[in-house]
Amino acid sequence: MEYVYAALLLHAAGKEITEENLKAVLEAAGVTPDEARIKALVAALEGVNIDEVIEKAAMPVAVAAAPAA
Amino acid sequence: MAHVAEWKKKEVERLAEIIKSHPVVALVDVAGVPAYPLSKMREKLRGKALLRVSRNTLIELAIKKAAKELGKPELEKLVDYIQGGAAILATEMNPFKLYKLLEESKTPAPAKPGVPVPRDVVVPAGPTPLSPGPVVGEMQALGIPARIERGKVTIQKDTVVLKAGEIITPQLANILNKLGIEPLEVGLNLLAAYEDGIIYTPEVLAIDEEEYINMLQQAYMHAFNLSVNIAYPTAQTIEAIIQKAFLNAKSVAVEAGYITKETAGDIFGKAFRVALLIAQQLPEELLD
Amino acid sequence: MEYVYAALLLHAAGKEITEENLKAVLEAAGVTPDEARIKALVAALEGVNIDEVIEKAAMPVAVAAAPAA
Amino acid sequence: MEYVYAALLLHAAGKEITEENLKAVLEAAGVTPDEARIKALVAALEGVNIDEVIEKAAMPVAVAAAPAA
Amino acid sequence: MEYVYAALLLHAAGKEITEENLKAVLEAAGVTPDEARIKALVAALEGVNIDEVIEKAAMPVAVAAAPAA
Amino acid sequence: MEYVYAALLLHAAGKEITEENLKAVLEAAGVTPDEARIKALVAALEGVNIDEVIEKAAMPVAVAAAPAA
Amino acid sequence: MEYVYAALLLHAAGKEITEENLKAVLEAAGVTPDEARIKALVAALEGVNIDEVIEKAAMPVAVAAAPAA
């Protein structure tokens, strides 16, 4: 999950999720970055609206009717 | 290379130059891609990648030459992936993005006998443009539930006629073409890509974006849960933290039957529901 | 509902739900107890597991839209 | 919950929920009333419309048969 | 709700929920403590396992039908 | 959660949620306040309408499940 | 949320979540770290089992069915 956390960190910091930025963050966390995983992550996230994706995650999965008490 | 024709030498030279001047070098198979789709592909790649179709032997020589001149022996391994009608695709694009672009650029193509399909082929339920005739029997022979309805051949239900990787039979190709179903894809098939000492194969390059989305959401959830559970406030979680504290307080007060403005409803509600549930189990003459 | 509340009060107080006890509680609340109803209630409650019913009635207090992991 | 049932009993019996009334009912149920809790309860109920609260609790919540997509 | 928050604060701080402690916390918050409410709260909380109640409150109740994806 | 309970206590008591007030309440509860956490909480609460937030939590979301597509 | 992501990144990378480490990661992501927030986070994480906490749903998601009257 390190790579994904790093990507979200960059996103939250308002930085672009590029190979260099990911590498820098991972190295700062003491991780030796795996080129292929970084490339794959950057490619996978291209065109993905992270804010939207996160919002969906935050939404209650299935809010059933709640009892008025 | 004394016996090699001059134009071949020049071509190898040119190819090697292309390989050397791009960080990412991919091999693609252009066999079976007709001229028109190929030129469309070139258009799509313009500005992003350089496509050079050549002979397999010359590509092999060029890769070896470039590998030697660059001092990058790993690059030479790319020759192991040459097959079909190979072409060089040189780019600055990350190999994963390149693969994605190639896949997205593929266009559907009509069925051809003897060719495997890239994915499951479904004959959809519903009316077809076909008029009644022997075609109905041909379809039924292939397991497609066809019937005549209102003067048209109609398919009764969605039917998978081929699984991914299965080969199209001449009979099926005939039917699929009549139905206008295009089960094949035309486009550049990436054979392998090289970047920075690593060879990437299509299995590695085919990433599941859905999975990445799931991971993003999971990572966000982790951060959210951590922030709320340890009460470390952030802009995104301060509301949830307040709500959690409030709900905790309310739950405790309700459980204790300690009535406040905020808990009166819950406590009386609960007592009343208990009474109701009990009343439901009582004989009718007991109820008011 | 008075009869049921009286029974629940006895139950919560750890007292047995008998005719006398019910009568005492109802009278204290200013209700003139109906002998027949009291008898019927005591009989009907035999075999009802009140604690179980209470458990069922206890509902989560409120709902906040929130993501689960 | 004794105090709450006692209050509901009084309410159902059409009696006011006062300290004395609560005390009487609780004592009849064999509970030694805690002055503080009685006072607190009476104070907390000021301004609470019990009928309304009960009505809300009783409302059969339109149970969320969550639609499957 | 001040009294309940004060109680939970004490609980979270690992302190006992006694009349004195509640009084101290409430006074620090600028509230003039009401004896009756404090006594009532302490009495009401007797026998309540706060950690358990909180844990239960936080548990995502297996929701009614979850929508199929 | 101590810090949050302290903040809600202040809010319920009608007091401002300032660093000093939080410190006073926490100390009264026997907690040695951590400056950084107090500062972080006060900063995070800026611009947050606590009453509104609580109301949202208290109000049962009377929603039927939103089907995921 | 940057700070939380940074902490999770360190945790996933098997590194300790210290002020220095957080600072390094945040700076690599182009964030100018805020001392107070870093200190607050480190303090809040003391004694916390991160693996457990990140999986624990922060809040009750929703409530299912209520008894019909």
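So that you can tell them apart, the chains are marked A, B, C, D, E, F and G in the order they are listed, and the count of residues begins at 1 in each.
Just so it is clear, a residue touches a chain if its C-beta (ideal position, glycine included) is under 8 Å from a C-beta of that chain, and two chains touch if they have at least 3 such contacts.
As the structure is a computational prediction, the values presented were derived from the model and not from experiment.
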{"item": "Most distant chain from subunit D, judged by the mean position of its C-alpha atoms", "value": "B"}
{"item": "Maximum centroid distance from subunit E, chain identifier (CA atoms)", "value": "B"}
{"item": "Pair sharing more residue contacts (C-beta pairs) when B-G is set against E-F", "value": "E-F"}
{"item": "CA centroid of subunit E to CA centroid of subunit G, Å", "value": "25"}
{"item": "Chain centre separation in whole Å, for subunit B relative to subunit A (CA means)", "value": "19"}
{"item": "Inter-centroid spacing, subunit D versus subunit B (mean Cα positions, whole Å)", "value": "59"}
{"item": "Junction residues of subunit G, two or more chains touched", "value": "1, 5, 8, 40-41, 44, 54-67, 69"}
{"item": "Residue numbers of subunit B (touch at least two other chains)", "value": "218-219, 221-225, 228, 231-232, 234-235, 240, 243-251, 257-258, 260-262, 265-266, 269-271, 273, 275-277"}
{"item": "Residue ranges of subunit E in contact with subunit F within the complex", "value": "1-2, 5-6, 8-10, 12-15, 21, 24-31, 63-69"}
{"item": "Sites on subunit D touched by subunit B in the complex", "value": "1, 3-5, 7-8, 40-41, 44-45, 47-48, 50, 53-54, 56-58"}
{"item": "Partner subunit C, residues of subunit B touching it in the complex", "value": "218, 221-222, 224-225, 228, 240, 243-244, 247, 250-251, 254, 266, 270-271, 273-279, 281-283, 285-286, 288"}
{"item": "Touch list for subunit G against partner subunit F, complex", "value": "35-41, 43-44, 62-63"}
{"item": "Subunit B residues within the subunit D interface of the complex", "value": "257-261, 264-265, 267-273, 275-276"}
